[in-house]
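There are two complexes below, and they share chain A, which is joined by chain B in the first and by chain C in the second.
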Partner chain A sequence: MTDRMTLSGMLTSRAAAALDVSRAARSSKPSAAAMLAVVALLAALPFMVFSNVTDTLVNLFVLIALASMWNVLAGFGGLVSVGQQAYIGIGAYSVIALADQGVQPYLAVPLAAVTCVIFAVPTSWLAFRLRGDYFAVGTWVIAEVYRLLVVRIDAVGGGSGKGLAGLSGLDQTMRGALTYWVALALALATIVACYLLLRGRLGLSLMAVRDEETAASSAGIDVRWAKLVVYLVSAAGCGAAGGVITVSSLSVNPDAIFSVQWSAYMIFIVVIGGIGHIEGPLLGALIFFGLQQLLADYGSWYLVLLGAIGIATALWLPGGLWGLVRDRTGLSLFPVGYFVRGRGA
Partner chain B sequence: MERHQDALLHLDEITKRFGRVTVAKDLTLTVRPGEALGIVGPNGAGKSSLFAMISGDLRPDGGAVWFGGRKVTDVPPHARTRAGIGRTYQVPRPFEHLTVFENVLVCAHQGAALKGRQAWTHAMETLERTGLADLANIPAGRLALLQRKRLEMARALGTGPRLLLLDEVAGGLTEPEVLELVEVVKRLHAEGLGIVWIEHVVHALVKTVGRMVCLAGGDVIADDEPMRVLADQKVRELYLGGGPETGLTDEEGT
Partner chain C sequence: MGWLNAVIQGLLLGGLYALFATGLSLMFGVMRIVNLAHGDLAVVASFLALALVSGTGLPLWVVLVVTVPLFAVLGYLTQRVLLQRSLSSGPLATLLVTFGLSIVLQNVLLEVFSADTRTLDGGSFATGSFELNGSISIGYLSLATFVLACAVLVGIQLFLSRTGLGRMLRASSDDRETANLVGADSRHVYGIATAIAFATVALAGLMFAMRSSFDPATGPSRLIFAFEAVVIGGLGSLWGTLIGGIVLGVTQSLGSQIDPALTLLAGHLVFLAVLAFRPQGLIAGRTA
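Now for the complex of A and B:
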C-alpha cells in the first residue's frame, strides 16, 4: 500500500482539498422536517382519537416493521427468504414465555429480538448452505420445523396456543395506548436501523453484494459475513414484531403466528412499494393497509385483487411505486448514497 | 521456484480440470515484486481460469498458490484482495445500482481498509487516473462497454493492490484508447506495482511488459522476453502458423 502513496501522494493532497462528497439529497432537509412532524403527530395520536383507530394502526406499524426487515434481507442482502415467520413465531412465544416468568410484557418485546438472534445464529449456519430458490424453500421448511417443535411444548400451550400473562392489571385504555406506542417505536426502530445500517460502510458493501456477488468478494467484501449481519438484523426485527403482535392480541396461536402468510404479506408489500429502497416498504405497507381496510368485506375477491396488483407491479414496475416516484422526482427520504460535488449529475 | 519466499506470486504445480478439459496441468509460474508479466495464448488455454485461481474464485485440484511469501491456496477471495491481489474481470461486472464513485469507494473501504475522507480521496484519485472522474455520480449500470472496462480497472486499483491482474482490458478498445491504457499501466508499473496482464491485443503487451508467458492446454509453452516469445516456433504454430496478431487492434476474444 505504501507503493500507491508515493506518486499519488502529491496528486492526492490537491484532489483532497477540492473533494467535496455529500451524503444527502437535495430534498432531504424539508423531507426530514416533514417526517419528524408526522412522527410527532403519530406519537400524540392516542390523546386525540378513539382507541379503535390506534388499535388498527398497530397492524400498520407491524406491517411496516416486517416489510422493512424483509426488504433489508432480500433487497439488500439478496437473501430471498419465505421463512421469516420463524422469527415472528419465536419472538411471539418468547414474549409469552418471558411474561410467564414475570417479565413485564412490554419489556419482553426487545428481549424477544435478542432471543431471535440467538436462534438465528445456528439457523443461518443451516440455511446459508442453500442458495437461491433452495434457500427460499429451505427457510420455509425451517419455519415449519420451528412450528412443529413449539406445538410439542406443553408449557406454552402446545397446539392450541396460550394467552399472555402480566397485562391483566392494566386499564384497557392505558394498555391500548402503550401497545400503540410500542408498535410505533418498533416501526421507527426498524426504519432507523435500516437507514443506519445502509448508510455505513457495511451498507455500501451490502449493496455491492446485492448487485454482483463475485465482484463483491474481489472488492474485498466478506460476503458471508455481510449476509449474516443482515440475516441477524432481520431476525431481530421480525422477532420484535412477533412480540408486538402478541401484546396486541394478548394470545398466541402456533398455526397463525408461524403462518407462511406473513411472508406473503412481506413480499407483496416490498414488491409493490419498491424492493431495495428504504422508502419502498413504507409506501407498500400504507397501500397494503389501505387495501385491507377497503376490501375487507369482499372475502376471497380481496385476495384475488391483491394477487393481481402484485403481478402487475412485478411485471410493469420492477422498481415498485417508490422506484417510479424516485425516477420522476429524484426524491429520497433516506439518502444512503454518495454524491461527489462539482462532478456533474 | 528457488525464491518463492521472496516472490510476489508463486504458483506451485497447480492443476485444474473441468471434466475432460484441463485448464492447468502442473503449472508453475513466479512473478517477482514489481514485475510486469504478459500472458498470451489461444482461447481455452486456461488464462482466465488461472486468474480465478490466483484471486481465489476458483480452487485448484492440486498444487499451491503463494502470495507475498504466504500460502493462500485456502484463503477466500476477499481476504486475498485485502492481502493485495486486485483483479479485473474480462466481462465487466459493475455494481450496477451504485454510482461509479461508490463502486470504487466500496473497494477502498473493504479492499484497502481506508475510512472516511481518506477513502473518498483514494477513490476519487483512482477515478482521475482511469479517466472516470467526470462520471463519478453516474450509476454504473448506465456506462458503455469501454467505461465499464475502465471501471474494472478503477475498482481493482481501488483495493490498493500490490499485484494487479488485468484480464483483457484492451479488448474492444480503439487504437488511441489502447495507447492511453498502455500509458496508465506503465505508470502503475513505474510506481512499483506488480502486474499480470492477459491480453489478445499483443502489441499493447509488448509496449508494457518485460516478460511474456504463452499458455496452451493449461501449460506454459514459452516464458521469455516478449519478442522472443512471439518468435518462438511453438508459439507461432499455436496461432495457426501466422503468429499472434501483433498488428493493430481487433479480436476481442471471448
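Now for the complex of A and C:
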C-alpha cells in the first residue's frame, strides 16, 4: 500500500509531521486550574458569607444559565429566538405542578428540564417553518400562546399565579443554601453542556449550518437534526432555569415568568459578552449584573443603557467583548477549536 | 345577529391592523428587515400625540398633521444612521438593533410617562356611531380607520407601480447591486421606504390611541398583531397584509364573542394554523 501512496497523501503526511495539532491552547492548563478553584470557592460560599450575598448570586447564576442557552441556540445554531421565555415559564410551572403532586421541589428542577424537552418537540415542528427574523417573532408568538393557555388552567392559579408548596418545612438558612447550590449547579451544567456539545462532531455541524445552511447540507450534514438537538438542549436549560427561579422566589406569576424581558436579558448579555463564544455569556452576565446593581436606584434606566450598549455592540463590535479579548490575547477558557502550531515553535 | 355584528366589527378592526402592519410588510419586502421596534414606535406616536394635545391644546387633526411627517423624517434618519449600518453587518445585527431600539424606547417611555395606562381623547368622532339596523352600529372612527387603511394601501401601491422612485424601490428590493449599477441609490431608496413605514406606524399609533388605552409596555403585543397580519396574508404582499389584518381582526372579534378571554388566543391560534398548513400565507407572492 505504501508504495502506491498518492502525491497528495504524501504531502499531507509530511505536513502533518511538521505541525502540532492540539485541542488545548497554551493557556488552557493554568486557566482550567483557576476555574476549578473559582468553582470550589463558589461552592463553599454559603459557609462563608451572609445569605443576602448568596441570594443575589442566585440571580447571576440564572442569568449565566439563560444566556449560555441562548448563546448555544443563536450563536452556534443560528436560531435567533425571542421566545425562550416559553420554556422558562413551562419549567417554572412544571416545578409548581410537580411540587403539588408531592415531588421535592429541588428534585423537580431537573424534571422541569425534561418537561420542557417534551413540549419543545412539537413546538419545534411549528417554529422551524419560519426562518431568520420570522423565526424570532414566531417563537415569541408561541411563548404568548403558552402564557395565554397557562392562565386558563385554574389548577395552577390562573392569571394570578401560585405559590410553591413543599418547601415550608425547611429551615430558611438551609433553604437559601440549597437554592444557591442548585443555581450554581445549573450554571455549571449549562456551561459544561455547551462545551461538550460544541467540541464534538455536532459542534462542527452546528457552526457549518450557522455559517451557510445550504452548503452544510450539501456536505452531508443533517441540518434539521443538528438544529433540533440544539433547540431541545436550549429548551431544557431554560426550563431548569425557570425551575430555579421558582424555588428561589417561592411563587410564580404568569405575566412575569412568560415576559419577553427574559429574552431581552439573554440577548443583550450574549451580544455584549460575545456571541458564538462560550465565555461570552459569562462575561456578559457579569457586566449586566454589575450594571443592574450599580443603577439599582435609577429605575429602568439600566435597561435603556443596556439596549444602547447592545445596539452599539451589534454595530461596531460583532464579536462582543470576549471577541475583543480573544483577538488581543488569544485567551480561550473553553477551547472548542483546534490549535495548529509548527513543531518546535 | 351578534355574530354578524362581531364579523363587521372584526372587519373594521382588521383595517387598523392592516394599516399598522403595512410598515412592517414594506420594510421586510424592501430591505428584509423585521423591525422589532415597530409596536413601540406606534406607542411613541401615541404618547407624542398625547403630550402635544395636553401640552399645547392643539386640535387632534393638527397633531396628526404634525406627527406623521415628523415620523417620516425620523424613519429616514433611523434607516440612514442605524439600520443601513446594520444591514452590512449581517442579518443578526438588524434584529439586534431593532430589538435594542424597542427596549430603549419602552424604558424611556416608562421613565418619562410612568407606567400609567392612558387614552387619547378623540372627542365625539371617536365615540360616535351610526346604526345600520337594530343590532349593528358602526363607529365613525372604526369606519374612518378602515377607509384610511385602504386609501394608504392604494396610495403605496400606486407609488410603487407608477412613480420612478417606486420603480427604483422595487428594483432595489429585487436586486440591490444591479439596481445600484443602473443608477438607483439604494441607501436613499431604503430611507424612503423606512420613512413611509414610519409614517404609517405613526398614523396607526394615533388610531390605536383613540380606540383603546395604551401604556409604555403595549408595544410588543402590538408588534405581534402586525407580524401575524403580515404572515397570515403572505410575506411581502401589501394586499396580503390587508387580508391578513382582516382575518386577524375577524378572528379576534369572533373569539371575544365566545369568551372575552379568548380574544388574543384566537388570533394567535389562527396564525399558528396558517404557519402549520399554509406557511406561504393566504396570498403568496410579492408585489412590494
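Note that the second predicted complex is superposed on the first by the 319 of 345 C-alpha atoms of A that agree within 3 Å, B and C clash if a C-alpha of one lies under 4 Å from a C-alpha of the other, contacts with A are read in each partner's own complex, and residues count from 1 in each chain.
We adopt the following convention: a contact is a pair of C-beta atoms (placed from the backbone, for glycine too) under 8 Å apart; a residue touches a chain by one contact, two chains touch by 3 or more.
Just so you know, these numbers come straight off a predicted model, no measurement behind them.
**Student:** Looking at the overlay, does A:I267 come into contact with chain B only (first), chain C only (second), both, or neither?
**Tutor:** After superposition on chain A, A:I267 lies in contact with chain C alone.
**Student:** Pick one for A:V53: touches chain B only (first), chain C only (second), both, or neither.
**Tutor:** After superposition on chain A, A:V53 lies in contact with neither partner.
**Student:** Is A:V114 touching the first partner chain B, the second partner chain C, both, or neither of them?
**Tutor:** Neither partner.
**Student:** Have a look at where A:A37 lands relative to chain B and chain C in the superposition and call it first, second, both or neither.
**Tutor:** Neither partner.
**Student:** Quick check for you: in the superposed arrangement, does A:A215 touch first (chain B), second (chain C), both or neither?
**Tutor:** first
**Student:** In the overlay, answer first, second, both or neither for which of chain B and chain C A:L196 touches.
**Tutor:** neither
**Student:** Which partner chains sit in contact with A:M174 here, chain B, chain C, both or neither? Use first/second/both/neither.
**Tutor:** It touches nothing on chain B or chain C.
**Student:** Using the touch definition from the top, say if A:A74 reaches chain B (first), chain C (second), both or neither.
**Tutor:** Second partner only.
**Student:** Would you tell me which residues of chain C are touching chain A in their complex?
**Tutor:** 28, 32-34, 36, 82, 85-86, 89-97, 99-104, 106-108, 110-111, 220-221, 223-224, 227-228, 231, 235, 261, 264-265, 268-269, 271-272, 275-276, 279
**Student:** Using the touch definition from the top, list the residues of chain B that touch chain A in their complex.
**Tutor:** That would be residues 55-57, 76-79, 81-82, 84, 86-87, 89, 93-99, 101-103, 105-107, 109-112, 115, 117, 120-122, 124-125, 128-129, 133-138, 155-156, 158-160, 162, 187, 190-193 of chain B.
**Student:** For the complex, which residues does chain A have touching chain B?
**Tutor:** Residues 1, 3-4, 6-8, 11-12, 15-16, 19, 21, 201, 204-205, 207-208, 210-212, 214-223, 276, 337-340, 343-345.
**Student:** Would you tell me which residues of chain A are touching chain C in their complex?
**Tutor:** Of all residues in chain A, those touching chain C are 74, 80, 82, 126, 129-130, 132-134, 136-138, 140-142, 144-145, 148-149, 152, 260, 264, 267-268, 271, 275, 299-301, 303-304, 306-308, 310-311, 314-315, 318.
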